[in-house]
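In the two complexes below, chain A is the common chain; its partner is chain B in one and chain C in the other.
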Partner chain A sequence: MNDCVIETQMLTKRYGSTTVVNNVSIHVKRGRIYGLLGRNGAGKTTTMKMILGLSAISSGEVRLFGESLKKNERKLYPRIGSIIETPGFYPHLTGTENLQIFARIRGTIKQNAVQEALKTVGLPYDDKKPFSSYSLGMKQRLGIANAILNDPELLILDEPTNGLDPIGIAEVRAFIRSLSEEYGKTILISSHILTEIALLADDIGILHHGNLLEENTMADLEKKNQKYIHIQVTSQSLAAQVLERVLHTNNYTAEADNSMRIYDTGIDLVELNKALVSVGAGVSTIQICSDNLEDYFKKITGGVGIE
Partner chain B sequence: MVFFVCGMIITILCFVIAALAFYLYRTKVQLMEASTIVDEIANGNMNRRLIVSKTSPVASLCYKINEIVIQTKNELFKHQQAERSYRQLATSLSHDIRTPLASLTGYLEAIQLGYVTGKEKEQYIEIALNKALDLKYYVDTLFEWLKLESGERIYHYENIDIHEYAREIVSEWIPQFEKNDICYDISVPENELFVSIDKTALKRILDNLLQNVLTHGHATFIKVSEEENDNKMAFEIQDNGVGISETDLPHIFERLYKCNTARGTKGSGLGLSIVAELVKGLHGEITVKSIKEKGTLFFLLFPLLVPEKQD
Partner chain C sequence: MNNLLAAERLKLRHNRLIISCSSLAIILPVMVIATDIFQGALPKYSIMGWVFRLASLCQYFAYPVLSGFVLTFLIQREYTDHTIINMLTAPVTRTRLLIGKLIIWATWHITMTLCYLAIVCLGAGILYGSATLYGSFYEIASFIIKFGLLHLVTLTPIAWVAVLQRKNFYPSLLCTIIFTGIGFAGLYFPKFLGSLVPWSSVPLITVPGMQVVPVLATTSICICAFFGLFMAVYSFKHQDQ
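Now for the complex of A and B:
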């Protein structure tokens, strides 16, 4: 089984002489949440649209579930649920009627699919309210219900929390987490808010002016977000003793490979080194690891940062 | 005329046959498509679903297959999750043991290598011993927790005077409160009330909660109360300490959850999860309220099992 559910190769979108998406190769792995992070206009939505065939590809290739998208659309698209921008529903019909139409067009996976999808997102089944009088939050929920109607393997969600209030955002976030953790879905999600992606994604791709600047796992990025002194010594026990007796700190952990982390970053490195060497704790590495995500993004986006 | 009628019948028959053939062909295609998808499911992709039109003749078959796949997947998922959390546990444990062990051996090595002499050496031995005892306590806690987690703990119900017993447990903590300059208010009714309860479990619950106030609370005041209320036993442990932040609060009863993550902070992350398991074992309830910098309130409720009268 191919590990990548979505793989784009040198995906490019040009409008005349302007390149909106430039040679983007993203890799969305099975069962993970992939966060596409970028400022407004960075090319997130366009990338998603090209994956979904809603926008023509100028050059490059999209592979879904290990197969080339070209000529396999009819087979591959039913396996995907998506929300791109504001979901399009008939304004004068109710939420239930809208979903029933989609269910008839696309087919369903069970008898009461519409009812269950509505229940999952917390919308009433068979009520009389037309879509046009839904609140923004309800509209977004209906969009999600439509996306999960056929229990798809892959979800592509473009800014799903856009326009929601803080409680709504937290709910949607928890829901997306549960889709991944409890139902094993693969999810591609975009956002321009760093903290939101940081809370949700397992993997992250950063788009800036149509270029993919970085693709990495969140765990790796988080390592960059901590502040600690990293040392590697020949004897952890002697180092531990020095830390406690000479430098008076308990705020450290002993890691594998004889390395240690000291979270008390006020310690002077020269003094630390001297103390370690004096007891024969053989120092091979000593460095301060301090970076925060925000700074890091600023650095790689060339100083502008991401909201 | 006869020819005309025959012609008509033959034409109609042809249409009917063509329609039937088309219908059969379509059903066959649908079945073949379904079959490839089922193959994929059989190969392990449990996220695959059969999507059909409600009116299709194969709809109910497909719906049933979907239902079975979804059910199997949910079962499978539960197993995987349990496995994953055990692996996490193992990693976390090796981590929690490695740091104190490194520290302990450090003191012993310093003594052995002769870095310290005389009074200082004595002091080092004492520190090392205390660290070894802490580690022992940690390992004991761990085993207790593992026993609870695997459902091996057996509850022994005894008949005791609950008010007296509560007083006994809490009063053992008074020297600790005084040592840490914590004012205390203990309110337990004076009368006798015999109930049936597992003494060790109850003691462990209260001890762990009180220990937490000392280790993490940084409180200057603690209030412990016990009363009988509406056929239940209610305990309250309230402090005015640092409190628990909103983001941590929903997770505190989870195993290995530690506030201030990624730090070499005190505690095993098991204390409250033991509390939660024991409370469950005693068919009780535990709730917590906490405001950052204002304090924390743990509220316990147990069913009041009045022992049968014996002669």
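Now for the complex of A and C:
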């Protein structure tokens, strides 16, 4: 049985001669959080918009809940909640009034859905404050409340932590995690913030210039990440001499802040420390590390960082 | 569709623009009639002449502009507030969403036309007496309602422009003013040209005694209404958000 809630096949979006999404095939499995990672303009939002029918598909196919999207939109879309770009609400109405409008449009949701959704995201019910005077954090929360209003099986969240302060980001992250773990929701989330995706996602897709460069589980990525010895010394030149002349390796890189990465992990740490101290290289740190998601992102995008 | 219309009604709560447009649509004829009443003497026009004179300010000029303003606002606001995305992912079919907006707009336009009719009848009753009003009521009502409805259908291309312009406000307002100008100038167009252009056909076909080719005028109004509606729905259905 196909366990993919979202499956795109060779999804492509062209604007004239410009291809913004090129043959993207992503697979979002049931109950998991799928992080779509890429720089601004990589094609994350466009991909999500095509899945949601907001943007026409130039070629390729979208399958939701195992069924082709074509001709099944009315059946499939009520099972999805989404935030795309900035959450949009009527500025002169309160949060409750705004949600009542969208609840009315959806038609088939529970009587107290608005109250429950607001409670879930920590916003007051029947507040007199209009949406225009909400803080950015409150606006994002209201966007999430709208997305969960109809108790959807699938959530598509485009940069839901955009513009939030660090505490707000942590709260939203915890909330998204709880939606997946406690309520079994499947979540497709996009972000250009690596740590965000690294902390949230079970699976990851890396988009770069409209191409899906990698699709993998976070667990596999962690396994694939290269290990290295990280040292911090007072003199990189002395340390380099030790590595090349004493330990006979040139498989290392010099980093900022007098730190170095030695990819020859067969070197004994005690021997390395002794050798560095003996030439007066002043070792302050020595430890075995592995590449993080940012290193991996740089590697597969050809050295381009995400920010 | 009922849910969609109820949602549209909820959106209009505390809406200043709709309140302002509605107030203007009511205040304008009231002020003109009040001026006539306070001038003291019976107007020099016949009752129908007085109705046409009033219509040339209100129905020919002010109401189409206000109506275009309301329609533009109903559509454009969804783009500026980014609510169009929430609406479409609610999910609502695009055709229904647009038709819902057009129904709200048409309801506003018809309500204002009926309010205008009531104000005109009240004014005519004060100025000419109830006996004269009763004698001319059918003629007054049919003129005002026919004019209002025909103007409504010839303004549907505004919906198309409003969809295409997205966040902008001015192109559709400019179109409204152009259509209104054409309608006004149409009174002085040659018979054939006046009947060919939908916006000038409206006064020609409505005001008694005007030179008009009725079949041509009716056809041009119908084509305009259908074209406006079709293009608005087609453009909206194929628009990337």
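Here, the second predicted complex is superposed on the first by the 234 of 307 C-alpha atoms of A that agree within 3 Å, B and C clash if a C-alpha of one lies under 4 Å from a C-alpha of the other, contacts with A are read in each partner's own complex, and residues count from 1 in each chain.
Keep this in mind: a contact is a pair of C-beta atoms (placed from the backbone, for glycine too) under 8 Å apart; a residue touches a chain by one contact, two chains touch by 3 or more.
This is a predicted model, so every value here is computed, not measured.
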First, second, both or neither for A:49, with chain B first and chain C second: second
Chain B versus chain C as contact partner of A:107, first or second or both or neither: both
First (chain B), second (chain C), both or neither touched by A:85: second
Chain B versus chain C as contact partner of A:93, first or second or both or neither: second
A:159 touches, of chain B and chain C: first, second, both or neither? neither
Partner chain in contact with A:236 - chain B first, chain C second, else both or neither: first
Chain A residues touched by each partner, larger count belonging to chain B or chain C: B
Which of chain B and chain C A:196 touches, first, second, both or neither: neither
Touched partner set for A:252, first chain B, second chain C, both or neither: first
Chain B/chain C common contact set on chain A: 78, 104, 106-107
Complex contact set, residues of chain A against chain B: 1, 78-79, 103-104, 106-111, 150-153, 182-185, 226, 235-242, 244-245, 250-255, 260-261, 263, 279-280
Contact set on chain C toward chain A in their complex: 3-4, 6-7, 10-11, 13-16, 77, 81-93, 238, 240-241
Partner chain C, residues of chain A touching it in the complex: 49, 52-56, 73-74, 77-78, 80, 82, 84-93, 97, 100-102, 104-107, 146
Footprint of chain A on chain B - complex, ascending: 43-54, 56, 62-63, 66-67, 70, 73, 77, 95, 98-99, 101-110, 113, 115, 262-265
